[in-house]
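So that we are looking at the same thing, I have put the structure below in structure tokens.
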């Protein structure tokens, strides 16, 4: 393609966009809808993933200590143990206070203070991943001075299963949704190109090369795809921002902390932009190709 | 329209479907995708709603009793209290055992049995809806013999907020998704009718009445819509069945019980079928109308 | 039957009008040739009679009724009475030759039995017997044109409006079809033909209406293509 | 330059062939009329030369090279050398008259400057000056046809292939355009015209190739439309 052809292509795609304005807008809006659905789902998945991780990191191992345990030695060992996120030492006195709050009435426990206190000292160990809890508990149980390293077996087992299951579900649904969105977008573009198949055939008969015919369509498709994804990402971003704001205002629950860090949101929005724009481009390429075989 | 015209319309829509086979299939598949996304989301919403209701019905009010309380009188009152789902009496002895299990070591509590037991008797009251908990607690607190009616204020408040918030979110998203699906379907049909706008114009010039032109398109659109929704509902049903099966096999958590009763699933699937078929019909009607103004 | 009174037609966005004040009367059973150079306004005049276009000013009367005031139902009835041959054929691409011609009858609710009789007869008349199952794209230019003629005559219309019906036909075919139109006209059907086939016009000695640049410049009974014939 | 050797063409699904064994040679600079009744195979022959269709058997040679063996690039080059007037016009509906004619030049990468010179000149030649900004749907039948002719001649082609180029034109316009083709032919361009305009054929006394039912029945230098003329 020489420079004249290139200039022609650029001019042509703009002219064509303006003459098929309605069709172009509808196509862009449909791309936007498809991608907004996909993007909304991905945001949901990321947030559920985060919630699970927060819940996981709240799973604790309770290490009950003998009265004569060397607390500092145990803490030193925990410092070096892989997979441990942190720990808190809870003295038997503190344990009693906590218990009183838990059952809602501290008065009931009066008379158990001091030497009457039946509770042992305790170290609460926070872990990084629920999956490692059973193994870590076994290790901590082996430390001298630890009477019992306990963790709600049932809860942790459940958490692990939920995590695995949700991961599989979200992966499956993401793939299905992405395929659906791609199919929708490519077909929409194909339908809008179909309306102009006659034109493509005539150009071919006038001796236009495939690239000469294709290029304005590619530019057009890319522009529509880009425009559609811009709509999708911007509105998705705005909605997400509002949801996050209301979530934070409500401070619903410690584990319903929405994902707000840019490093994790950026790939989703950037990915949508790239996907939509590429789809516009590739969709046009494939759609036009069908009618180029004259 | 006389009987000949009617026969003609039926024959014509079949002929046209077979001659535009590819277009019809693509349209049906796109309708299927749009509706599957909408339907999948509705199923999700129904299940989340159910999970919340299960969690809610597990919210308890702990009524701590005086040692001299008339337990039977209180139970009789609870029987008549609106919003109460059930209750369990927990004696102080049982309470101690439970507590031992909760902290993971029953040995630690030896010496607290019998008269040394610092715990009071307790009635655990299950409620129907988390929202009614504060009010019910106030009522129960007023019963003679009840020292304290306690219910984790924070947890219940959180639950109520989450419920309200999720309801709003799901309602908003459902409306958005439904609108998006309707727009997608109508536009897809419009694009496929657009490919035949010339034909419609010519028919008009030949003196065909609007209904005569429209009817085959309506039948066609209804068939495509119906076919598309059949694909959507059947595949959604299959996927849901598999997900439910694996959920139940895993018995992930008491509150992750999938909705399986027909009375609640039927409206969703039936609604999708009706929506898709109607959309096919109405979409064709609107699309053709545009080109009938010649 | 048809009365055109001081009709002007200016297409939107155009500088010069396609018709600039034309008055004309056509009686039932007449045979009229519309002649004139390319772009003179022949098709526009036919489209006005067919109610495909509305006049910018002036009126077209059909049996005394102003066509501009036609309601939807009257418009349909009006068009169903007419057998129109379009200059650009306007065949239904999705339908076979048979179905294209049959469509004109289906529109007026004729029974399949009548259709099975009349359609082959009409195709026979225009010399297309054997092409029933072809689609328009599989026909030669002249064959397409003849499908359009068959579609116009099959419903025994009150008026035949033919816009350049022989442009893609060879001499013999043209003459035969013009003779066909003449025979139909003898049966009482009004025939209006816009054409460039000067030899046919000269030979048939029918009424000739000549347009030029939107003006009616000549209207002769038993006229000819040229002025100075 | 063009050699057609025993070419048969049977469209798929058709019982009788559109061309049943035609052999023909056309030299550079010739002016050839293709005549014959509607459906004789004229358009099919032109489509074979233009490589829009492939022969079912036999071959078409262009400067000694079999067109069936053309690769994509050669095919494009072949079509760019030709100025084709299609029987069904094939204008680009989305483009204005100017853009339609300009497209033929843009395809071969001509600069905007050249385009701004040549397009108005070509439109002038076919009598369409002033219609540059109209879209094809806003033109009369004859005007559309002339846009097609302008698009064919604007690129100074090696060969002009015109399929019924005057079917929608009045006598004077037809004669002028045929004279235009003759002038272009005098400049060395090969011209092949399928037509039903027997008077023009008879008047111009060029080579006439007559087809009937897919058979070549006559090939005369300085011939006429009819056999027994």
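As written, the chains take the letters A, B, C and D, and residue 1 is the first residue of each chain.
We adopt the following convention: a contact is a pair of C-beta atoms (placed from the backbone, for glycine too) under 8 Å apart; a residue touches a chain by one contact, two chains touch by 3 or more.
Owing to the predicted nature of the structure, the values given are computational and were not obtained by experimental measurement.
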item: Partner chains that chain A and chain C have in common; value: B, D
item: Each chain counted as touching chain B and chain D at once; value: A, C
item: Distance-maximising chain from chain D - centres being C-alpha averages; value: B
item: Centroid spacing, where centroids are CA-atom means, of chain A and chain D in whole angstrom; value: 62
item: Distance from chain B to chain A - Cα centre to Cα centre, in angstrom; value: 23
item: Whole-Å separation of chain centres (CA-atom averages), chain C against chain D; value: 28
item: Contact graph of the chains (line, ring, star, complete, other); value: ring
item: Pairwise chain contacts under the document criterion; value: A-B, A-D, B-C, C-D
item: Touching residues (chain side chain C, partner chain B) in the complex; value: 50, 52, 72, 76-77, 79-80, 82, 84, 86, 90-94, 103-104, 106-112, 151
item: Parts of chain B lying in touch with chain C, wherever the complex brings them together; value: 1-2, 4-5, 7-8, 16, 19-20, 196, 198-199, 202-203, 205-210, 212, 294
item: Chain A partner contacts - residues on chain B that touch it in the complex; value: 26, 29-30, 33-34, 36-37, 40, 62, 64, 99, 103-105, 108-112, 118-120, 147-148, 150, 158, 161-162, 165, 169, 173, 177, 180, 183-184, 187-188, 190-192, 194-195, 243, 246-247, 250, 252-253, 256
item: Footprint of chain C on chain D - complex, ascending; value: 11, 13-14, 35-39, 42-43, 87-88, 138, 140-143, 146, 163-164, 167-174, 196, 198-199, 225
